[in-house]
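Have a look at the structure that comes next, please.
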Amino acid sequence: MAYGATFPLWRAAAEPHWSAFTRHRFVETLADGTLPRAAFLHYLVQDYVFLVHFARAWALAITKADTIVEMRQCAATVHGLIGEEMRLHVEICAAEGVDEATLFAAEERTENLAYTRYVLDAGHSGDFLDLLAALAPCVLGYGEIGARLLAEAADTPYRAWIEAYGGPDYQAMCAEVGRLIDGAAARRLGTAPEDSPRWASICVRFRTATRLEVGFWDMGLRP
Amino acid sequence: MAYGATFPLWRAAAEPHWSAFTRHRFVETLADGTLPRAAFLHYLVQDYVFLVHFARAWALAITKADTIVEMRQCAATVHGLIGEEMRLHVEICAAEGVDEATLFAAEERTENLAYTRYVLDAGHSGDFLDLLAALAPCVLGYGEIGARLLAEAADTPYRAWIEAYGGPDYQAMCAEVGRLIDGAAARRLGTAPEDSPRWASICVRFRTATRLEVGFWDMGLRP
Amino acid sequence: MAYGATFPLWRAAAEPHWSAFTRHRFVETLADGTLPRAAFLHYLVQDYVFLVHFARAWALAITKADTIVEMRQCAATVHGLIGEEMRLHVEICAAEGVDEATLFAAEERTENLAYTRYVLDAGHSGDFLDLLAALAPCVLGYGEIGARLLAEAADTPYRAWIEAYGGPDYQAMCAEVGRLIDGAAARRLGTAPEDSPRWASICVRFRTATRLEVGFWDMGLRP
Amino acid sequence: MAYGATFPLWRAAAEPHWSAFTRHRFVETLADGTLPRAAFLHYLVQDYVFLVHFARAWALAITKADTIVEMRQCAATVHGLIGEEMRLHVEICAAEGVDEATLFAAEERTENLAYTRYVLDAGHSGDFLDLLAALAPCVLGYGEIGARLLAEAADTPYRAWIEAYGGPDYQAMCAEVGRLIDGAAARRLGTAPEDSPRWASICVRFRTATRLEVGFWDMGLRP
């Protein structure tokens, strides 16, 4: 999946972390169904709290956007996260007897705290593009994982998860986010972004967030 | 209109500015139809830009909320502002030959800058309640003005404006915001908010924003 | 005064506002001594509150800097503002019977609110360079005014003010801020900053803050 | 060490994490001299980067303070951190052949990222008191550890570290920070802070930061 012109460049610059994230054992065992149920549920609880703070970071992006169209796109993403994506978590956890208030109050693991607060700080310390570079690995990496697993995965109890991220709604959102990034990059870095003096530091944002994704999966395997 | 328990207390503490805002000559001439068209259009252009930054402040509120329910309410308000309320401005201005890109790029008058940036700074320097106290005068004051004018106003070319703010959708949003404020106040100030040591400074937030509303109407009369 | 390579470019792009600010009647009557005492004292009170919020904006710059050297420079500027520059205000006002607590609690005029909160928002919505572009007109404009008046001004009761801004300490601080800006611009816009796609929006930051300086002097003449 | 009236209450509410932090094996082996040199140097490098971001959080506090006295205290703390406290790190590391630029560019460990970005987010999402509650464990915990070790520690190669935190300058700073906290708490929570509806959430801030201190020491033992 390309999701625009900028993302493939960032992704290449984030290796070997990008592959470690998208081909993580957590992902592969989701696909083949061998991921222990306890690990999956533990991950879902932490991921719910992750999404709370990730939605806060997208809300911060609304405050930093340059155009009304960008504001609307970021607002739609906030809605997608706290209106739609969390529903998957709430429904699966509810079936296990865990309600949404419990999810919201779950104690965050260090790997979780590190990731979301890093993204928020990327926004506070930098501009709209710095924030997008820190937001991109999660959004687009899940898109990439979802699309691949939808095509590859055999029968697995985690089919609903795969369909959520590999399905057309989430993929359309990724394409939209890819365009948002390309527009913001063009307005700040010009037509040869890799020649911009900011390029290296933007890539560090994306790379650091990718590294924190790997840590999040690692944590997911340790309920 | 009460819009909850906290708002009437803040409103009383903001006099005489509150009456100067809600009974301003701009409002009264909107109601009786004598407001010059040029003043109304000038106001609409500035108010469009106001709503851009006001929506940014509500997005900031998402990042400062305590609960997922509050996050969803603030996100719904952002959507209401940049999805719905601005449509009134865009449609009326389009009929006059002014497109949305022109609205977005309009040079902000000092009174406009002062108001929205004050609200944003209330959020950055304080907590969720400080921000709500600075957001409240515009949201609930327009609700109060709209409800009164809907009941009182004679025939006026500004009927659409009155119906937008006096109508059931906007009034329901005001009731919701009133509840949001009551919840946030209870969680921070307790059951006797006026006895809290923070009460005076919170009232200053509301009062200053009300004073800036008066300045905004004054500016509206000077195209 | 050049104060580096970037400032002269920004200044040129901010005309005619830059001349309106640095050659304002308030400035010229400070120089020839015809500025009414009441206007000067009114200005000093508002300027004290201005410096409180301007120091907050320089503190925000500490949180957005790229290097430890920049952090130290911004911290030195905060110290210069709230440790040194305000002393002039406090001493002159004390001689008139107005103490520092009264200064701190003074009600801000709209022109004052608009300016400082705009600068703070430039920092929150953008990156370090956006913030510096909004901070620069005040710091460097006062440097330019002080240097010119020190050379030109005849006998005037406002000599202490002129010496504060025209004197070597303040001028050295301006040279330092000029270097800070050049470094931040080089790291973000490269060696041909005027060709960067961000150039226009950065100039708007500087220009808007300059426009707000003019409004501040206008307000100074209306005690 | 009491460091004011509020800190002992927060500290008690943070058990058993508080004891786990202040009696951590890292601390005890610093005192008896058995801490491996490699662990100490690894810790110093991470702590240098920690202090960069911790200073940013104190700079954020300047932007959120209520009074000019508080602004000056927070600015003095920023200066103490990036002007004084870091000097210990820079000097010890320089003696080992590691220069300051290398320190600044060191890759942050997850435990480090989690802690500083959590503190910054406590400031952005809350008010001045929320931020102080997240800043307090590090400042005052190091004060408590330093004072105890200065009295108890036998001969150890880490004497300079103990004297830096147990010595009169750092202890005076802790007393000052304790007063700052008491003032901010009084203005927001009143004379019976433990009865305030905000008390529990403030204690969570302090407790979470304390938990992250434990994680930081754990990381220190794993070079």
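All chains are identified by letter, namely A, B, C and D, in their written order; residue positions are counted from 1 within each chain.
In this section, contacts are C-beta pairs under 8 Å (C-beta built on N, C-alpha and C of every residue); 3 or more make two chains touch, one makes a residue touch a chain.
From a predicted model like this one, the values you see are computed outputs, not experimental measurements.
Chemist: Taking shared residue numbers divided by all residue numbers at the interface, is the value for chain A and chain B over half (same) or under half (different)?
Modeler: Interface between chain A and chain B is built from largely the same residues.
Chemist: Suppose chain centres are the mean of their C-alpha atoms. Which chain sits farthest from chain A?
Modeler: C
Chemist: Could you please state the distance in Å, as a whole number, between where the Cα atoms of chain A are centred and where those of chain B are centred?
Modeler: Once rounded, the distance between the two centres reads 34 Å.
Chemist: What's the distance between the Cα centroids of chain A and chain C, rounded to whole Å?
Modeler: Computed from C-alpha means, the inter-chain centre distance equals 41 Å.
Chemist: Just the number, please: Cα centre separation of chain A and chain D in whole Å.
Modeler: From the centre of chain A to the centre of chain D is 31 Å.
Chemist: Which residues does chain B have that touch at least 2 chains other than itself?
Modeler: Only 56, 63, 120, 124-125 qualify.
Chemist: Within their complex, state which residues of chain C touch chain D.
Modeler: Per the stated touch rule, the residues are 52, 55-57, 59-60, 62-63, 67-68, 71-72, 74-75, 78-79, 82-83, 86, 100, 104, 120.
Chemist: Using the touch definition from the top, list the residues of chain D that touch chain A in their complex.
Modeler: On the chain D side, the touching residues are 56, 110-111, 113-114, 117-118, 120-121, 124-125, 212, 215.
Chemist: Inside the complex, what are the residues of chain C that reach chain A?
Modeler: Spelled out, the residues of chain C in touch with chain A are 63-64, 66, 124-127, 130, 186-190, 196-198, 201.
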